[in-house]
Structures are given as structure tokens and as C-alpha cells.
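Paired with chain B in one complex and with chain C in the other, chain A is shared by the two complexes that follow.
And now, the complex of A and B:
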């Protein structure tokens, strides 16, 4: 059973072109790369909280991929909807922030300036805020510090 | 005979030029710098913890999304494999395609992997 197929030695590349069966409704995959996803992650968490939690509770019931297809489609549609809204409302800020992440090893801390512009725009136009759960009480959340210890070395 | 105007005064006072701050001042300075450094280190440790929390939560928010996409692909591949099996084994009587080797209904992921 556990046979390792070496892809370099295979005569044909391992591909399974069979599409999903017809009784499963089609959903467009998100197709975003890691930096835009990371940039939008907290807004996805805020906007799609219910769908995400529903999906994860469903996965807790059973790990079978067939079990949570419906909830999974909802999750994907919600995230796609959020990304589209982001691009409609805050295209420039979003683009700047994820490009900054791309150039800074996908770390948040060197990109606070574009991040603040994005957070402000998203809050004004879409009413979503970035909150990090578990921040110690009475402390400023790390993304709102005015003079952090860790910041970009190059100005 | 003494020169007119008398001899000049004899230099007997100690002539020790100032050679920098004293030991106590240096010790105090070093202690102060170290204290400041450790304070910033502590601050940095707390901040690093928060940065880590931020990173972890940004990933946690993406888990359902990525899992859903992966699940659809896994379901598609599994379904196709079962269909293939049904086609291959159609002449064998009593063969159930995709039947688990275990007698319970618990889901187990595929035993073989394909590394791409």
C-alpha cells in the first residue's frame, strides 16, 4: 500500500485530471498567493468568523474530506468575497501592504506603515478591525505600538 | 649671587593631569548602560512574544480556507480513484470498490502518498 512513486523516475507525471463529480456544486478557488492572504488574514478572520468556525466544528466531527464540502465552499466564497471587497475599496493600500510583506520576508513588523493605512481604510470603508486575540490586558496591541523595539533597520 | 628679581618659586606642587573619570563613575556608567540594555532586552522579549502571537493568529485565520481547498482536491482524487477501481474490478463478483479494510466507519486518510 505505502508505495513511494518517485516523480523524477515516473514515465508520466502524476496528475489526476478527473474533475469533481457533477453533484458537487462548483466554486472558484481563491488563487491568491501567500502575501495577499497574509495581508488579508485578520480581515478574513473578522469577516468570515461564523463560516470559519462552522467549518472547523464540522472538521472536528469528522476528518473525512467528503464530510465538510458544503461548509468548505461557504468558507471559500466568503474569503473570495472579502478579497474582492478589499480590492474594490482599498486597492492601493492592500497592494502596497502585501508588496511590502513580499519584500520583507512576510513579516508584519517592518510593514507597519502600509499596514496602518490599510487598517484605517478597511475600518472606514468596510467596518472591519484587526484584533489579535490574547493580547495582555491593558497593553497596546503590537500592531499599534508607536515606538516598537523591533522595526525596520533601514529607514 | 641671586639673579635680579630673585629666584623663581620652587615647583613643589603635585602635577597630576586629569586622566578621565574615576573608577566609581565608570562603574556607575557601565551599570547604567547595562541596566538600560537589559530593560530594552526585556521589552524586546515581551514584544517578540506579541509578534509571534500575531503571526500565529494570522495563520490560524487562514487554516479553514486552506483546509477547505485541500479537502476539495483530496475528495476529487479519492473519488476518481474509487471510480477507477470500480472500472478495473468490474468483472470480479462481490467486489466493493473503495471498501475500507477496517470494519468500522472511521475515516482514515490514504495510506500511500505521491510526492510531487
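And now, the complex of A and C:
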């Protein structure tokens, strides 16, 4: 009468009742979860700056989802391209950094040592640097401090 | 001279009881979070990202760094069922 059929245990795959029209190009969604994305965040910002800014300005014009589909596809493609390049060039340092983030509530301050290794590898192989926008003039950014106030309690 | 060792039994009991309770709690939290400590100070952004992680990997603390998502990821969002007004 009122039996619950769990959708995850269905025998046939899910068929989308309202798919996008065929004239819209299909782009695969980004499969990276939160920790790898947070680790790569500043490099996505450096690599995909124009596409991200285009998308944000487009969204400012109108929040209708259909208005910014093209810019959104570009953003997804650029981020997926960067994650691919990161995995090709600096896989070990990348994995170490996002594993460290996962063990520390996804906060940057306890993971400066793996972050330094990742930044060095990415700069050498891909030419991207991490810059924190909004650092006051003349002060070192927090990720380059040699003796920070907020740090791990154990070495 | 006889040492009053019976007087130290309550201290020992308290230490063991607190230690056992604390260890059990820590183990329980780690078992729920795939061997890592629990997340704290979670805001709406973190909740949204952890829901996305659950859709991608099956567990809110699961992580993967593949650039391509599984096929059912694009249609598994709760956005389809949300009311817009």
C-alpha cells in the first residue's frame, strides 16, 4: 500500500524527467570533493581568473539559471582542466596537502609544511603562485610567515 | 611502616573510569568520521560542501580528487525537489 522504495537500490538507472535540450553542450561535473578543492582553491583562482570573473559578473546581471549557462560551462571546464594538471604534475604533494586539511577541520594554518611543498611544486611545474587578495601593503602574507601566531601545538 | 594503599583506590578508579569513558567517546567519534576527528564550526557553506561530498562518495567525510564526477551526480541534487516560492 505505502511501501518505501529506496532510490539508491533501484534496478534501473535514474532517468531525468526534465533533461536539458540537446542544443546545449554537455560538460561533465567536477568530481573533486571539498578537501582537494580547498587545497587547489588559490590555484583555481590564479588559473581561471577571467572565466570566474565573467561568471560572477554575468550572475550579477541576472540570477536566472538559464542566463549564465555558457559562462558556467567555461568555469567547470577550466577547473576540471586545472585539477587534471595538478594530478598529473604534483599528485603526491597535492594528496598530502588535502589529506592534512581533512585531519584538521579543513583549516589552512596547521598544514603550512605540506602547503609549502605543494606551492613549490606547482610554481616549478605549472607557473602558478598562491596570492591572498587583500593582504595589507608591506606585510607578509600569512602563508609565508616564518613564525606565525596561529600554528599547530605539536611540531 | 604500612602504607595506606587502600586510600589510593578511589583515585585509581576515577582515572580508569574517566580514561575509559574518554577513550570510548573518541573511538566512537572516529568511527563515525572515517578515522578522522569530527568537523566543528560548520557553517552553511561547509554543510553544503559536505552534502556534495555525500553525493559524490556516499559519506559526508569521504574525499576523492577525480576531475570527472560519476554519472548520477548531475541529477542527485536536492535542488530538483526544493520549492522555489
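The rule we apply is simple: the second predicted complex is superposed on the first by the 137 of 155 C-alpha atoms of A that agree within 3 Å, B and C clash if a C-alpha of one lies under 4 Å from a C-alpha of the other, contacts with A are read in each partner's own complex, and residues count from 1 in each chain.
Definition applied: contacts are C-beta pairs under 8 Å (C-beta built on N, C-alpha and C of every residue); 3 or more make two chains touch, one makes a residue touch a chain.
Here the structure is a predicted model, which means the values were calculated and not measured.
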| item | value |
| --- | --- |
| Which superposed partner A:16 touches (first chain B, second chain C, both, neither) | both |
| First, second, both or neither for A:41, with chain B first and chain C second | first |
| Which superposed partner A:30 touches (first chain B, second chain C, both, neither) | both |
| Which superposed partner A:84 touches (first chain B, second chain C, both, neither) | second |
| First (chain B), second (chain C), both or neither touched by A:59 | first |
| If touched residues of chain A are counted for chain B and for chain C, the larger one | B |
| First (chain B), second (chain C), both or neither touched by A:149 | first |
| Touched partner set for A:105, first chain B, second chain C, both or neither | second |
| Chain A residues contacted in one complex by chain B, in the other by chain C | 14, 16, 29-30, 37 |
| Footprint of chain A on chain C - complex, ascending | 36-37, 39-41, 46, 49-50, 52-53, 56-57, 61-76 |
| Of all residues in chain B, those that touch chain A in their complex | 40, 43-44, 47-48, 50-51, 53-55, 57-65, 67-72, 74-80, 83, 107, 109, 111-116 |
| Contacting residues of chain A [partner chain B, same complex] | 1-7, 14, 16, 18-21, 24, 27, 29-30, 37-38, 41-42, 44-45, 48, 51-52, 55-56, 59, 62-69, 71-73, 75-76, 79, 107-109, 132-135, 139, 141-143, 145, 148-150 |
| Complex interface listing, chain A residues touching chain C | 13-14, 16, 28-37, 80-81, 83-84, 87, 94-95, 98, 102-103, 105-106 |
